[in-house]
Every structure is written in structure tokens, then in C-alpha cells.
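Going in written order, the chains are labelled A, B, C, D, E and F, and every chain counts its residues from 1.
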Amino acid sequence: MKFGIVVNEGPYTHQASDSAYNFVKAALATGHEVSRVFFYHDGVNVGTRLSIPPQDDRQIQEQWSALAKEHELDLVICIAAAQRRGLLDRNEADRQGKDANNIAEGFRISGLGQLIEMGIQADRTITFGD
Amino acid sequence: MSKVKKFLYVNRKAPYGTIYAQEALEVVLIGAAFDQDVSLAFLDDGVFQLTKGQDTKEAGLKNFSPTFRALGDYEVTKLYVEQESLDERGLTLDDLQDIQYEDEDDDYAEKPSIIVVSRAGMADVMADQDVVLSF
Amino acid sequence: MSTLHTVNKSPFQNQTLISCLGHTKAGDSVLLIEDGVYGAMSGNAMSEVVAGMGANVKLFVLGPDVAARGIDAARVAEGFSQVDYEGFVDMAASCDRVQNWL
Amino acid sequence: MSTLHTVNKSPFQNQTLISCLGHTKAGDSVLLIEDGVYGAMSGNAMSEVVAGMGANVKLFVLGPDVAARGIDAARVAEGFSQVDYEGFVDMAASCDRVQNWL
Amino acid sequence: MSKVKKFLYVNRKAPYGTIYAQEALEVVLIGAAFDQDVSLAFLDDGVFQLTKGQDTKEAGLKNFSPTFRALGDYEVTKLYVEQESLDERGLTLDDLQDIQYEDEDDDYAEKPSIIVVSRAGMADVMADQDVVLSF
Amino acid sequence: MKFGIVVNEGPYTHQASDSAYNFVKAALATGHEVSRVFFYHDGVNVGTRLSIPPQDDRQIQEQWSALAKEHELDLVICIAAAQRRGLLDRNEADRQGKDANNIAEGFRISGLGQLIEMGIQADRTITFGD
């Protein structure tokens, strides 16, 4: 079965991204497919490569990047939500005249249409948020 | 082309205190381009999103409430509002914006987009969906 | 010695206003801000609870947040005074401490 | 045709669980996760409400979130089944839709 | 040196679902170095922060609950817990961690840090502060 | 009178930073002093210079930076909270081996001690959060 996952809250601040990560891992482990993980609202903050969590805590962004690499997951950060919150890739930074970017490996920035498309294509859409 | 899916956007939060209501609307507007069967549900504090006369100037916020009246132009015409949620908050339909759409199958007659349903009716609407996105 | 309490959550969704009103002392002030302003509306399931629990305190509501949410002045419950941000500042300055119920 | 509902907020603080249970259909499943797991505790002010409103649905609670919060297995109310994340996935796959109450 | 102020850290939220409880503790630990008069209040869902036996391994979270038992070493020794909040949640003192401190004025005798108060008593504690930080 | 202000939620996501901004402006307009604004929890996200809010919306970071410049406000971002969430200044980025930084003009990153110090020195401490 094909799952689409929505993550609506930022890392550490809310458990949503942890719950989504655990769900995705379990889905993959039991032979399901995860067609996309869409990060919306503060969820976009999961995708920053500039975070430096305490050493004795889980490394949320790294966990997602590693899982994406291992399973070729499509991790999509909503561009509209990302712009409000200061998440950028190199292209966006250039286009907007910003002098830095902060998106992490394995994440890509795209439009809200990707959320709807995921809803259409996935057999089940599950949202983790607040 | 794949079959049309039924999408329900569930709004249970008040506007302005948090961004969920506003960013939910942004999803609805983009989603309208995908020719799916779209409904919106307003219950609990979500009914406050639809009140008339929102004036955010002094609070320094962006007033997104006029967007609800534009939904008809995007062929988003089913806004289910729960009667019990209105009652608990002392609201009536008169307190909400008059949101209409032009029915192209009926000589573009203006019709109300807001459909007031009971709690049981809202549960029926929810149980009739393919994709439920909550905000 | 009095406290200014602020509450920023809708009482229809969240217990914070009830908890605040359960911990005030006579003479304290309670100011509703942000989504908390819904607690100042009259004629609903919460308004009697608020009036009862708030009988010993002075009740205020932040005008700009009331206007943002489209609450008509006539719908603000008796017993609540509206203040603007300068009024909020005055209240914070004239109390002995501020407790923000989050 | 059945729905899997998830609830992630404490019912002592927030009305979401009550709202969810007011909108379920017979045969639906309700899974409590994150801070929602407090709604599965027995012997408190909420537990009778949950048992009553949840009588027509199947009640579940996410084990890892129960353990994180130090809720002893003996304190989980009768009527709740514990599942782990794989159980959560199975439930999501075997229902017709998932509605996440946020 | 300015006079010692009374600081109260108010904890009303459950642990793990959101970060407030954990980051509140970080403030308390840093604040302990400032030689002020420090108290912590646990009420509403905040009492859940103190439960015994928290095991976050399977959920993949960081278990910060042992830090409460270290507070005594930082001379943070007044943890007010509201009886009514415990009662409403079906909890008793036995469900909470045993948090103690060594009283240096009493030959380092181990004494309990948790002080159970009624709702009215909690209101008294709150009204007796200079600075109230809420989480 | 001297006010100390705490902001605990991110911009746009929650009204807290708007309320704090309105309060600070009103306090300054009525002759009070604002000794510091301390950004904690997701409040640290207010201080990113990489955000690109919609043109027709308020520009929250710019509002704060401008107010800080006009009134010499001390806008302090908590370092521990910032590290978890990916907010960095140039020094921190260099020290931590990160290839970019994102803090906006008028904000500075410092320790939690600055929050306690503010509580000690201010006549009133007001918190805006969730």
C-alpha cells in the first residue's frame, strides 16, 4: 500500500516529526511504500541543515536525510510555508537575492500542488501535526 | 486519468492566533486546480474563521477572511458548517460572511456556499471522503 | 499587591482560561488577548462560567484582537472592559507582577 | 467503510478528543498518540466520558507514547488495546481513510 | 548587589508532545546560578512531567525526566505540585518521582523537594512572586 | 518603568511575536523602557534574515530589526534554542563548522543567563507564547 505523509510541526518543538518518522520507518519495514513526505506549516523547519541539536538527543534532520537516502524517499518542503519561515535552497536564495541557503540534503522545495498530488496518488494520507 | 477523489479540508481552529486557518486556505486554493471533489468542514473553533467584519488593522495582522468569498470563483462551493459548534459559541448564520457561488448548471444563479449541518451530518460528510486534511 | 493575568487561548478549545480563573486572587486583573478574546463573548456556553469564576477579578479584553476576529462590541460580555495596547502597558505597569497563562 | 481517527492532545487540556468521539461512526477506530495517550488512563475525571462516548468505536493507544510518559500498563483503561508503530501502520492500511484530529 | 527576587517557573504542559517542559528545565538549571529565590509550580497537565518510569526509547525521544532528581544539587528545592491537578488525572504522590535535596542547614538531611499544595495554596504561591515565567 | 519581554513562538505561525511587537511599541510610545526582548523556544525563528513573507503581509523580522535600530533595543536569541532549530550567527557557524548563517540585523545570540538577568533587572517581565 502507498502512504502519503504530511508533517506540520517543527523539529524538537513538537513530537509530530518524530511520530511521522517512526510511522514511515514502520511502514517501510512492513513492506509498504511511502510515496512522499510533505512538510507544511512549521514542518518545513525539519529540513534545515543548520541545526545543531545536543549530542545526547536524536538528530531529527539527519534521521530524515538518512532515511531518504536509504529508501529514495521524496521529502518535499512547501515553498510558500518555507518562504515565510526562512527555509531556502540555493536556487531560491539566488532568485530572491538572499545571501545564504539552509536546506538539508535529501529535501527538496516545491509547491503546494505536490501535497494535492500526493493525496491523489497515495492510498492513504496521514497527517502529523499540532 | 485517475478517478476523482473526495478531498475534505477540516478547519477546527480559530483564525489569527495561529496560522493554520490561513495556510489551510492556501492549500484549498492550490488544490482547486486539480479538479477533485472538494469540501471544507468548519467545526469547533473553526467556525470563527467565517465571521463577518474581521478588521485586523490595529492588531497588525493580515486579514485573509475576504478569501473565503472568492472560493466560488475557484469552484470550491461546499463549506459545511456545524450547527452545534455555532450554538456553543452563541453564533448564528447571520454572524458569518455571506459566501456564494455562481451555479453554471443553473444559468449562473448565485447560491449559498455555506451548508449548515448537524454534528451527525458532519460525521456523515467526514465518513464520505477519500482524503481528509486537517488544519 | 495584585497580579495581571493574560490568557491567549480560546476557552472553547482549551482549559487555560478556566485554570487561570481558578488561581486568581480578589483584586487581580485578567486580560484576554489573541484567541483568548473569544472568552469575552456573551451569550454562549462559556460566558456564564467566565462571569461566575471571574466575579472577584477585573476582566479586560484587548480591543485590537477583538476587532481582528470580527466580534462586535455589542457581543462583548458585560463586565469586560476593552483596552488597547497602551492600556495593556498601563495595566502591566500598575500591577505588581504579570502572569502569562500559556 | 471505516475511518481510523488519531488524537494527539491531552483531553485534560484540550477538547479535541471529545470532538473526535462526537464525530465517529460505529465501527471506526480511534488511536491515541503523543499527548493524546493521557486519554487512555483509567480512574480519573475523563475516563468515564471517554468510555461512554467511545462505546461504539474500537479504542487504541500507541504503546511507545504510553511508555514515554510513564503510564503503567495497569493504568491503561479497559477497552483500550495497545499497538506499536507497525500496528498503527496496519490500522491505517486496513481502514478506508485516516482522519487526524489536530 | 540588588535584592534577591522570587522567580516562579510555571509548568502546565505535558512532557514530550511539545518541548516546553524540557526547555523550561534548561532555564531552571541556568537560572540556579543566579542566586535568586527559585520555585517551580506544577499544575494542570504539568504534573505529568514528574511521573515515574518514563521510558522514551521506543518513541525515539530524549528522556529528560531524570533531570528533576538533579535539581537539588542546584539548590532548586521547592517544587509545588497541585493536589487538584493530581486528583483530576487520577494520580497520587506515589506516581511521581521521589525528588529530594540535602538540607545543608540540617546536617545534609535528605528532604523531599515536592510540596503538594491545594489550588488555593498554589494561588498563594503565585501571588507571592516577583517574576513568573510560564512554559 | 523597565519592561523585559519574552517571545516564545515563531513568526507567522503564532500571533505571539506580533503581540509582543505591539506591546513593545506601545510601551516605548508611552515613555517606558524595554530593557531586552528575549526570544526562546520557536521564538528564535523570528530572527532569521532568510524569510521572504508575501508582499501583502507584514514583514515580522524587518519590523523588529527596524524597531531595534530606532530604539537601540537589545534583541537576544537564546543560543540553546537556536542551535536546536538552526539559527546561527557567523561566529557560531564558524565554530560549529556550518557553511552558512542566517541571523538578521539587530538580533544577537546569547545564553539563557540573559533571560534570568532580564528578569532580575526589569520591573516587569511579560511573556508572549503559546
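Please note the rule applied: a contact is a pair of C-beta atoms (placed from the backbone, for glycine too) under 8 Å apart; a residue touches a chain by one contact, two chains touch by 3 or more.
Because the structure is predicted, anything quoted here is derived from the model rather than measured.
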Based on which chains touch which, give the shortest step count from subunit A to subunit C.
2
Return the chains shared as contacts by subunit C and subunit E, ordered by label.
D, F
More contacting C-beta pairs: B-C or A-D? The answer is B-C
Over half shared or under half: which fits the residue numbers at the contact of copies subunit C and subunit D, same or different?
same
Mean-CA-position distance for subunit F and subunit B (Å):
34
For the pair subunit D and subunit F, the C-alpha centroid-to-centroid distance in angstrom is 38
Here the gap between subunit E and subunit F, centre to centre from mean Cα coordinates and rounded to Å, is 27
Which residue numbers or ranges of subunit B touch two or more of the other chains?
12, 16-20, 44, 59-61, 131-132, 134
Of all residues in subunit A, which are in touch with two or more distinct other chains?
12-13, 15, 22, 41, 54, 125, 127, 129-130
Tell me, which residues of subunit D touch at least two other chains?
8, 12-13, 15-16, 34-35, 64, 84, 97-98, 100, 102
Considering every pair of chains, which are in touch?
A-B, A-D, A-E, A-F, B-C, B-D, B-F, C-D, C-E, C-F, D-E, E-F
Of subunit E, residues touching subunit D in the complex
12-18, 44-45, 48, 51-61, 63, 65, 88-91
Quick check on the complex: what are the subunit D residues that touch subunit E?
8-10, 12-13, 34-35, 38, 41-45, 47, 63-65, 67-72, 75, 84
Which residues of subunit E touch subunit F in their complex?
2, 5, 7, 19-20, 23, 26-27, 30-31, 33-34, 36, 131-135
Of all residues in subunit C, those that touch subunit D in their complex
12-16
Sort out for me which residues of subunit D touch subunit A in the complex.
6, 8, 33-35, 64, 84-86, 88-90, 92-93, 95, 97-98, 100, 102
